[in-house]
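Chain lettering (A, B, C and D) follows the sequence in which the chains are written, and residue indices restart at 1 in each chain.
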C-alpha cells in the first residue's frame, strides 16, 4: 500500500469521523428542545439557585435527560400581561423556543391594590390570547398556568382570593378556547394548602411572604411543571 | 237611686275604664321593644316598602306580635364602619333602643376598589368594637351580622370574595371576643347561592346587582333576622 | 346637419361632461385627506351632533374646505392606551388615514381610582410609542394631545390633577422624542379655567361632569384642533 | 451664741433654701408648657435624634427657653385621621398638654393608592373637627398643619399633588371654621421647592424619599413650627 493510499485512508477516516461528529452534533442540536418559562418574579427567582427551574434542570440531569432539554428562565419581577406582551418578541420568539410556559396573573390582580394599575379582566384575556397566537405563530407549543397565591390562608379568606379565582377562571377559559394545555397551579396549590396549612398562616407553608416560593414551594412548582417537559 | 248618683257611677266607671286603658297603654308602651337596624344602603332600602325590615314588620303583624316590637331602620347608603361610628350617638343611642342589629362591611371592602377609601382591617375591628361598647353602655343588646355579597357567583370567583370573607372572619372574631350574638348572613347567603345559583350568574338570584336585594333577597334577610327579634 | 348628427354631438358632449365630472370627482377623492380622531369617550361623543368633530366638519364647510378633508371619529368610552393599541389596526390603520390625532390618557389615570386598573407610567409611554410607530409605518402623520381634565377647579386642587400633569408631561416627552406635533390640550384648558372659572366649580365651565365636554368645551376643543387640520 | 443656736440657724437656713428650691421648682413645673406633636411617621422620626422636634428642643436650649417648654412627640408611622382619633385620649388628652400641633393627612391621601384605604374627604373633615373639639375640651390650644409632600417635583406633576392640595384646602377650611391657628406647611414647602429644586428631582431636596425629611427638611419643619412655640 502506498503512503498516498494510507494518507487517503486516513483522510477519509478523519472526514468520516468529522462527518459523524457533525451529524451527531446536529442531531443533538435538533433534539435539544428549547423550553422557555415566561413570567414574573416567581419565575425570575425560579431560574436562580434553589429556584423551581433550577430544580427541574437537576431532575433532568438525574433522569439522564439533560441533553434533551434546554431550560431558559424569562421571568421579570412585577410583570403583568402587558409586560409579557411587550417583550414576547425579544425575550421569547427571537430565541426560537420549542415550548413556552406562560405563568402570569398575580401582579395583574395585586397591582390593583398596591398601585391602582392592575389589568382589566377583558384586556387580560385579549392580550393573553395575542401572546399565545404570536408564540404559536413562531412555531412553539404553549402551555399556560393559573396564578398561584397572594396569601396561603385556607377557605379563601386572603384579601385577593376572589380576584385570583376570577383570573384563574379566565385562564382556564383561554386554555379551552385555544385548545392549549393548562397547568392549574392555583387549584393544585389551594388544594395542597387546604390539607397542609394546619395553623392557617398567611405564609410559611409554600411561600416566604404569601407570594414568593420557599424551598418547598419551588419543589412544589417543579413537580407541577415536570410532566409537561417532554 | 237618683239620676245624679247613676251619672256619678257611670262617670266613675268610665274614668275607671279610661284609667285602665291608659295604664294598659303605658304598660304596652313600656313593653314595646325598640329595635334598630344600623347599616348601609341594604338597610336603608330595607325600611322601605318591600324591604326586609318592612317584611319583618308584616310578619310580626301576622304573628300578632306587632304590639311588642317597634322596628326602626337606620341605614344610609355608602356607609362604612366610620360612618356608623360617627352617627351612632344621634341615630341609635339617642333613641334608647332595646336591641340593635349592626349590618355593615360591604362598603368597607368595596370602596377600596371604587374610591380607594375602604377600611383597614385593624381599624374596622377597633371602631366596630367601640360601637358595640358604646351601644351596650347605652343599655341596648347588640347583635352583629357578617357582610353579604358583591357578586353572587359560586366558588368564590367574585372579585371581592376573598376580602369579604376576611371581613366576615373579623366580625365572627368580634362576636366571640365580645360574646355578642352573630347572624352569619354571608355564610347563609353563600350556602344558598351554592345550591340555587344554577346558572352561576353575577346577580339576579337574591340581588339586583350583586349587592342590593331583590324581593327574594329581602325575604331571605327577613328570615335570617326573624329568630333574633325577641 | 341631420338630427342624427346633432344627437351624436349632444351625446358626445354629455359623455365629455360626464367624463370630466368623473375625472374631477376622482381627483377630488384622491385629494380628500382622511383624518382620524383616535381616543376615548370625549372623542366618541365628539363625533355626534354637537361634538367637537362635528363642529370641525361644520367649520370646514363654512370655510369651503369640506371637499378637502374627511373627518372620522374613532373614540370609544373608557378607552386607555392599551385599548387604542389593541384596536389600532382595525380602527385606524386599515382605513388608510393621512392624519391621526391621538387624544388619550384620562382613563389611564382615572381608572387607578375607580377600578384599580389604570396604566403604569412606563407602560403608558411604551405602548404610546408603539402606536405612533405603527401608525406612521402605515403612512399617516400623527399628532398627539395631552389629556384634559377630571375636575375643572383652579390651582390643581382636583384629586387627579397631579397624575394628569404627570401623564401630560409623559406625552410632551413623547412628542419631543418622536418629533411629532403636540396639541397641549391640558395646558390650554387649565389656562382657560384659570381665567374663566370664577366660581371655582368642579364642573360646568367647559365640562358637564368635570370630564365630558359641554357645548363650550366642544367648541374649545374644535378651536384647538382646527389649526392642525391641513 | 451656743452651738445649738448655730445648728438651729443652719437648719433653718437649709430648710429655707429647700423651701425656696421647692417653691421655685413647683413654680417652674407649673410654668413649663407641655407641647405635643400629634402626627404620623414624619413626627415619629421627628422626635428622634436629628428630627425636627429634637431640633426645636435644641433651639429652645440655645435660646435659654428650655425650662419653659416640654416637647413631646406623639407620631406613629402610617397614621391617618382615624388613627389619631382612636388614640387621642390615651396619647394626647391624658397627658394634659397646653398646646397640641396636629400634622396629618399624607397617609389619608397616599393609602388610597397603596392600600385602597385612604380617607374620604368628608370623613377626614368630620373626624378632624372632632379631634380638635375633644382636645380643646381637654383644655389645650390646637394648631393644625397642612400635609407636606409625596414627591418634591415642581409644577404639581407628582402623582398625588392634586389630592394633597385638596386635603390641604380642607384643613385650611377647618382652620377658618374653627378659628384655630394654621401652619401651612404644604404651601411653604411647595414654595421652597419651586425656588430650590433646580434639577426638579422627585426627592433629595428636603426629603429622603419624597415624603420623609432629610436634615434640611427637618430643619425646614423646625423653622416652620418655632414661631408657634409660645
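In this section, a residue touches a chain if its C-beta (ideal position, glycine included) is under 8 Å from a C-beta of that chain, and two chains touch if they have at least 3 such contacts.
What you are looking at is a predicted structure, and each value in this text was computed from that prediction instead of being measured.
Peer 1: Using direct touches as single steps, what is the fewest number of steps from chain A over to chain D?
Peer 2: 1
Peer 1: Chain B and chain C share one sequence, so how far apart are they rotationally when you fit their Cα atoms? Give it in degrees, rounded to a multiple of 5.
Peer 2: The superposition gives an angle of 180 degrees.
Peer 1: State, to the nearest whole Å, the distance from the C-alpha centre of chain A to the C-alpha centre of chain B.
Peer 2: Roughly 51 Å, centre to centre.
Peer 1: Where the centres are mean C-alpha positions, what is the separation of chain B from chain D, in Å?
Peer 2: The answer is 43 Å.
Peer 1: Where in chain B do residues touch two or more other chains at once?
Peer 2: Only 112-113, 115-116 qualify.
Peer 1: Answer with line, ring, star, complete or other to describe the graph linking chains that touch.
Peer 2: complete
Peer 1: Quick check: in the complex, which residue numbers of chain B touch chain D?
Peer 2: 82-83, 86, 111-113, 115-120, 123, 126-127
Peer 1: Report the residues of chain D in contact with chain C in the complex, numbered from low to high.
Peer 2: 112-113, 116, 151, 155-166, 169
Peer 1: Show which residues of chain B lie in contact with chain C when the two form their complex.
Peer 2: 113-116
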